[in-house]
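There are two complexes below, and they share chain A, which is joined by chain B in the first and by chain C in the second.
Presenting the complex of A and B:
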């Protein structure tokens, strides 16, 4: 069985597509553009991957900049 | 064969050019996800001849908002289906003199010819981003956008909008392997052109090098070419399949 996706696992998928190394942790204050180097197309890909994994469009309610802001828009993790 | 298989979303598949494109896509060994308001005996026959490779969704594309929920919903061409191609073919032609322009009819035509395909492109690009294997968009445009015909100013403007949208989509998403092109069709013998009388047809044909309508098969084959690997380096283009308009 595939492990349940997390924001970290989805971010690492986008990084892998950019041929960039995976990160081990994603503190809430991490800025996606400045620190992870995500450009607008990467942000679009992140949006779609999160929508597929969690069923929500993180940009629907306005721009997000940090990992914490994204996390806040995702449904709470299942125990 | 399975390896080369592609999933192609096509609008307006019940008759005319869309049906010809669906047939050509099936003949290429690919799978059709077809949309129109209703099916037809011809489309049903195609589905019967290629079991499992012809899917259908009855939907009125005038409802641009429903494109995301229904056409790209989990029951049809949702994120669970890796899409390889999108053919924007369904359209309507509202024909009148500019001096008679009716806003409600103009808006209805734009909903189907422009807004629905733009919303569909939004969802298609999202699908392609998720599956990450490149994809091809083909818009069916019209020679009227390039030459001008009395009565077609409003209709031609919808095709001009699509051509500009296609060019910019190509530029924006090329880095992700998503291509976008237009096939600029000349006059074809379909229901859309059915109201023209013989004299009008002859006048239109006289404006072409081949003195003939564009064949549905030729236009459909060009669409299939643009969807396939042979067109891997072609994007942002308009290909004219118009019997050589002069």
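Presenting the complex of A and C:
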């Protein structure tokens, strides 16, 4: 069985599609645009993939900038 | 010369399951005193669809055909509840002297049963967005493209469409009116289809470009395909439903060297309208003046459409806007080339993307057999591009993405790529229903 998706694994999937190296950790203060280089297409992909994995649209309640803000909108139960 | 067809002649058969229906069985089933018919039919198999359709036609009844592919939710949304599907009506039967008299009756305008000439068929569109729309056609609209004649007497049709879709209905009528046999191909694998084309003596094929791509094998050009055969018995190959590229035509010509290859322009809304040999469609004399091109969009006279529940959308001043972008090639008769079909353009953060263009690039990648590109609602960009692919072998996703990035602008590269076993065409609601 595939391991349950995490925010880190989904972010790495988006990075891989951009042909960018994976990151090992995602501290809450990480800024998605400035530090990870996500453009709006990448942000859109991230939201769709997170929605598939967690059933939550992270942008539905307004803009998110950092990994911590994303994490806060995901269901709490996930490891 | 013996009258065709004879009672013992096959009307429909599925060589894999062994199921078959003869002209005599149809004649017997409508020839009893009172016939029990289901006004709403969700056929369990294509043979049931053929019998139900032709019984309604011969007895002058109305029939609603419901696709077995519909989910319970979709079936309920079109009114096909369990009670309705179980409903039966009793109508007076009709005796025909022989099978030849039976196939000739409807086209002489002879309807029987409860409402003479009252045959009407209701089908559901598989629109590119939302739930299915209901369209009702009379015999005239459904049989507009049926060709009759002595020379068609021995045709054997490969049934390569879903029998509850308009294209399948048109193939059934073409075969029935000429007393031909229908051989079930739809739903069978490519290897079985090749065997049946040979063993069953199929002379006519009508299918979507996707069906032919699968049949020709995934490898470009088919050179590595060990099943490579020339099917010389096939005399006509018809494509419809999607845009057909010249590469596919060339590959079909190689495998069906004796066949005339034609494109048919058809839609659930209007049925079959135009034929092209090559890429250029033209208006037949009967339809002259009822087709026009306005600002690059093909429009047809609204009276060519079936009846829509709740009225047809996209009708302005008696003209139906097909949404298809075409290039005018000539006048009198009006001739055009299709640039893109009715698909909704996808708006990805302000970039208008034509899904057909992206599909064409995907189909050029080795291993990709079928591609469907559509928009998915997204809170960041409005819509995001999703691709569903049938591929064998399944390509490496990173390599495929690199290929796409080299050929398409960033907004046109699908952000989600899904490899699926089969693509249910135009059922966005179902695919996004998760």
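Just so it is clear, the second predicted complex is superposed on the first by the 76 of 79 C-alpha atoms of A that agree within 3 Å, B and C clash if a C-alpha of one lies under 4 Å from a C-alpha of the other, contacts with A are read in each partner's own complex, and residues count from 1 in each chain.
Operating definition for what follows: contacts are C-beta pairs under 8 Å (C-beta built on N, C-alpha and C of every residue); 3 or more make two chains touch, one makes a residue touch a chain.
In this text, all values refer to a predicted model and were calculated from it rather than measured experimentally.
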* Asked: Can A:56 be said to touch chain B (first), chain C (second), both, or neither?
  -> neither
* **Touched partner set for A:74, first chain B, second chain C, both or neither** => neither
* To do: Report the partner of chain A that touches more of its residues: chain B or chain C.
  => C
* May I ask you to decide whether A:43 touches chain B, chain C, both, or neither, giving the answer as first, second, both or neither? => second
* Who does A:16 touch here: chain B (first), chain C (second), both, or neither? -> second
* Would you please give the residues of chain A that touch chain B in one complex and also touch chain C in the other complex? => 17, 41, 44-45, 47-49
* For chain B, which residues are in contact with chain A within the complex? -> 79, 125-127, 129-130, 132, 173, 175-176
* chain B-facing residues of chain A, complex -> 17, 41, 44-45, 47-49, 51-52
* Going by the contact rule at the top, pick out the chain C residues touching chain A in the complex. => 348-349, 376, 378-381, 384, 398, 401-402, 410-411, 415-416
* Hey, which residues of chain A end up touching chain C in the complex? -> 16-17, 19, 40-41, 43-45, 47-49, 57, 59-60
